[in-house]
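Two complexes come next, and they have one chain in common, subunit A, joined by subunit B in the first and subunit C in the second.
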Partner chain A sequence: MEHFIETIGRNMFAIFGVMALGGAAFMVASRSAVHSVLGFLFAMLCIAGCFLALEAEFLGMAQILVYAGGIVVLFLFVVMLVEMSKKKEKEVFQLQSRYAVVAILLGAVAFLGVFRKVLFGAANPQALGLLRPELAQGLDVAKQNAQAVSRGLFADYLLPFEILSVILLVALVGAVVLAKTERV
Partner chain B sequence: MPIPTLTQSIVITLIQCLLVVIFVFVVVPLTVFAERKVLGYLQQRLGSTRVASGHVGVTGWMNRGMWKWGRVPVLSYWRGIPGLVADVLKLILKEDVIPAKADKFVFFIAPAISMVSAVVVFAAVSFVPGVFFTFPKWFPYLGGLPVSGGIADINVGLLWILGVASVGVYGIVLAGWASNSKYPLLGGLRSAAQMVSYEVPLAISLLAPVVLSASLNFGEMSARMAVGLPFWGLVPQILGFLIYLTCGFAETNRLPFDMPEAENELVAGFHTEYSGMKFGFFYLAEYINMTVVAALAAGFFLGGPWLLPFGLQGLVNPFLPAFLKWFGEPHAIFFVVKIIFLLFTYIWVRGTIPRYRYDQVMSVAWKYLIPMALVNLLLAALVRCFA
Partner chain C sequence: MVSLNAVLLISFLLFSIGIIGVLIRRNALVILMCVELMLNAANLNFIAFARHSGSVSGQAFALLVMGFAAAEVAVGLALVVALYRKRDTVQVDDINLLKG
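Then we have the complex of A and B:
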């Protein structure tokens, strides 16, 4: 019993990973858009589980809060209002297997290019830490990773963080402008 | 203190889960009963009194005498309690109707999502700091092991609570969509808009305790909010409590914000097409969500397992005489009493304040609650900085 539970605990990442892949496959394969969103939601929750299995609890919770709780709700909101049973919309959204295959191949190549080192290279002997180690003083980074992330964001990487939020703001204003001009 | 093995700790966690489920399933039916009774008395009637039998029948017999004397029978407070059993039996035995054009899978899974996301929040709630009780030595397998006051008092408890609570929206939205009928769809859409908007001030109002206590762990937060704050911490606490409670009413779809099921406009909102135990799950989930919101309000603002609310306990504690020390320490019973008082407040508000119009609901959230919550956050930051 003890051994069994320990084995499960050690393989939590793999279990959640396989479940996330299953959710993603369901999302791609299902015919109804709302079912796709459900599959996507399941995959997002499982990815949060993967983060938890890696002891990155802050990332896991942020994953649930931002993706499962925010973004996928908006997806659902849009998808619910689109009647997918009409033939024209089916042609637009569901019968594009040729393009889909090309897109998947391109995506796979890009993924391999970016993550080649991570997947096939030697493992990094040293865990990633803060740029300035003195910031982590008095902090058990392994256990308090919310605090560690906050110090990284608001001390080490403050400027990139602010620039990123300005970019998001620009995108938001742009969306408002586009939506407004259409109505006039 | 002995250290539990892996299997033992899992068994202990299961026992904790069982305790929480028992707590929920005791509190929820009593809240349903209290809702009928308290609303009744607020509106100068008696509430449910009809279903009464056996032991309760004695009070009924005495009541008849009191009616004859021309007095309102005081003993009828508890009459009607067997009606709860009748309600549950009705929900379980009723035919489970699925509309012909419904999306069967989504229709089936929506109440489950509602229910699960409501219950799972309790994982991060800590009822009492430290050890809740220790198993006696003679207990088989678990003898001498401590049971902590929360199931998983994790480092990011608050984020877990907010995240899982936001997953609860899916239950309502999907139920509205899967019913394939216009009133549920309208109810689902309204509720999605309402819950997404009220999550913003809710989260900001909970940021004030985070700033004041410098933690995201439920147990640590409630401890520091109750006994670790300077005097000026009172102001952001009281303001934050009022904002949080308002948003909590909206998040749980209670009056005066019950847009998703506004009876006079939308029949019954998102659960119009549901019957039997599937409807029962939505009903249960609503009341469990009320309990969750009450638990958070009690934990963060009303001092959690300590007696006095708003951080007063920490100010009073140094002056407590020795024979009153018991009142200066944390006890699970204080926490539960606060939750029950807040549940009463829900019913009280429902009986007192009329419903908002839909546009008013939205303007309350975006024009008033969010700025107020931001000001409150600023106050909390000032307190943390200077006091």
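Then we have the complex of A and C:
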């Protein structure tokens, strides 16, 4: 029994990854949009589990908060608002033109070419310290993930962070303008 | 320690499922969800490389991508709602306003 639990602990990433794939496949394949949203929720939670297995604790929790708490609820609201359609969905799936399929296949081949070296190449590189030494001062990087991420973020990525806040503001205003009714 | 190859494989498969969904589904909401799935696959790669290259930059960048995805969902859903008001449908092949 103990051996079994230990095996599960070691393979946590694979378990969560396969479950995420299952959720994603359910999302694409299911006919009803509500079922799709539920598959999406499951996939997002499993990806959060993958983040935790990769020792990115802060990002795993942020994933649960942002996706399961925010985005899925938003999707569900819109599905409830929109899906009571008078016109029923004629066919769920559509076929693409031949050119689109060829282009996608070419893209997949190029992608695999890029990843061939990583997938079948040498063993994993040795992990170094997570932070530059001058930033990691007085910090146990392996245990204090949120602090480490914030030090990296606000030291090296301050400008992208500020730009992102402006983008969020623009998106907020844009969403309000797009979604409001015309006869106010 | 999780091997890098396993993470890359899982994220490649997630990304492929996302692309397939965008290509074959007609519902605009499901297409948006598939785009989100692709962003998450990219995030998974960021975190795996951060883990294996020994730098926290990947995690910081994944956080930025997450915020960007939230902004994208807000605008995308607003577009879908506006389109539904105008055309009474969310099926992408019924939307041909720009076709000459």
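Simple rule for what comes next: the second predicted complex is superposed on the first by the 128 of 184 C-alpha atoms of A that agree within 3 Å, B and C clash if a C-alpha of one lies under 4 Å from a C-alpha of the other, contacts with A are read in each partner's own complex, and residues count from 1 in each chain.
Following the convention adopted for this analysis, a residue touches a chain if its C-beta (ideal position, glycine included) is under 8 Å from a C-beta of that chain, and two chains touch if they have at least 3 such contacts.
Computed from a predicted structure; not experimentally measured.
Asks: Looking at the overlay, does A:167 come into contact with subunit B only (first), subunit C only (second), both, or neither?
Replies: A:167: touches subunit C, not subunit B.
Asks: Looking at the overlay, does A:28 come into contact with subunit B only (first), subunit C only (second), both, or neither?
Replies: second
Asks: Mind working out whether A:158 is in touch with subunit B, subunit C, both or neither, as first, second, both or neither?
Replies: After superposing on A, A:158 lies clear of both subunit B and subunit C.
Asks: Counting residues of subunit A touched by each partner, does subunit B or subunit C come out ahead?
Replies: If we count touched residues of subunit A for both partners, the winner is C.
Asks: By the touch definition at the top of the document, which applies to A:144: first (subunit B), second (subunit C), both, or neither?
Replies: The first partner, subunit B, only.
Asks: Contacts for A:115 in the overlay, against subunit B (first) and subunit C (second): which applies, first, second, both or neither?
Replies: Second partner only, subunit C.
Asks: Looking at the overlay, what does A:70 touch: subunit B (first), subunit C (second), both, or neither?
Replies: After superposing on A, A:70 lies in contact with both subunit B and subunit C.
Asks: Just subunit B (first), just subunit C (second), both, or neither: which does A:106 touch?
Replies: neither
Asks: Once chain A of both complexes is superposed, is A:58 in touch with subunit B (first), subunit C (second), both, or neither?
Replies: The answer is both, since A:58 touches subunit B and subunit C.
Asks: Using the superposition described at the top, list the residues of subunit A that contact subunit B and also contact subunit C.
Replies: Residues 58, 62, 70, 145 of subunit A touch both subunit B and subunit C.
Asks: Please give the residue numbers of subunit A that touch subunit B in the complex, ascending.
Replies: Per the stated touch rule, the residues are 1-2, 5-6, 9, 32, 34-35, 38, 41, 45, 57-58, 61-62, 64-65, 68-70, 73, 76-77, 80, 143-146.
Asks: Using the touch rule from the top, collect the residues of subunit C that touch subunit A in their complex.
Replies: Listed in rising order, the residues of subunit C that touch subunit A are 1-10, 12-14, 16-21, 23-27, 29-30, 32-34, 36-37, 40, 43-44, 47-48, 50-57, 59-64, 66-75, 77-82, 84-85, 88-91, 93-94.
Asks: Which residues, counting only subunit A, touch subunit C once they are in their complex?
Replies: Touch residues, subunit A against subunit C: 13-14, 17-18, 20-21, 24-25, 27-28, 33, 36-37, 40, 43-44, 47, 50-51, 53-56, 58-59, 62-63, 66-67, 70-71, 74-75, 78-79, 81-83, 85-87, 89-96, 100, 104, 108, 111, 115, 118-119, 124-131, 141, 145, 148-149, 151-153, 156-157, 160-161, 164, 167-168, 170-172, 174-176, 178-179, 181.
Asks: Which residues of subunit B touch subunit A in their complex?
Replies: Counting only subunit B, the residues touching subunit A are 5-7, 10, 103, 105-106, 109, 154-156, 159-160, 162-167, 169-170, 173-174, 177-178, 185, 188-189, 192, 196, 199, 216.
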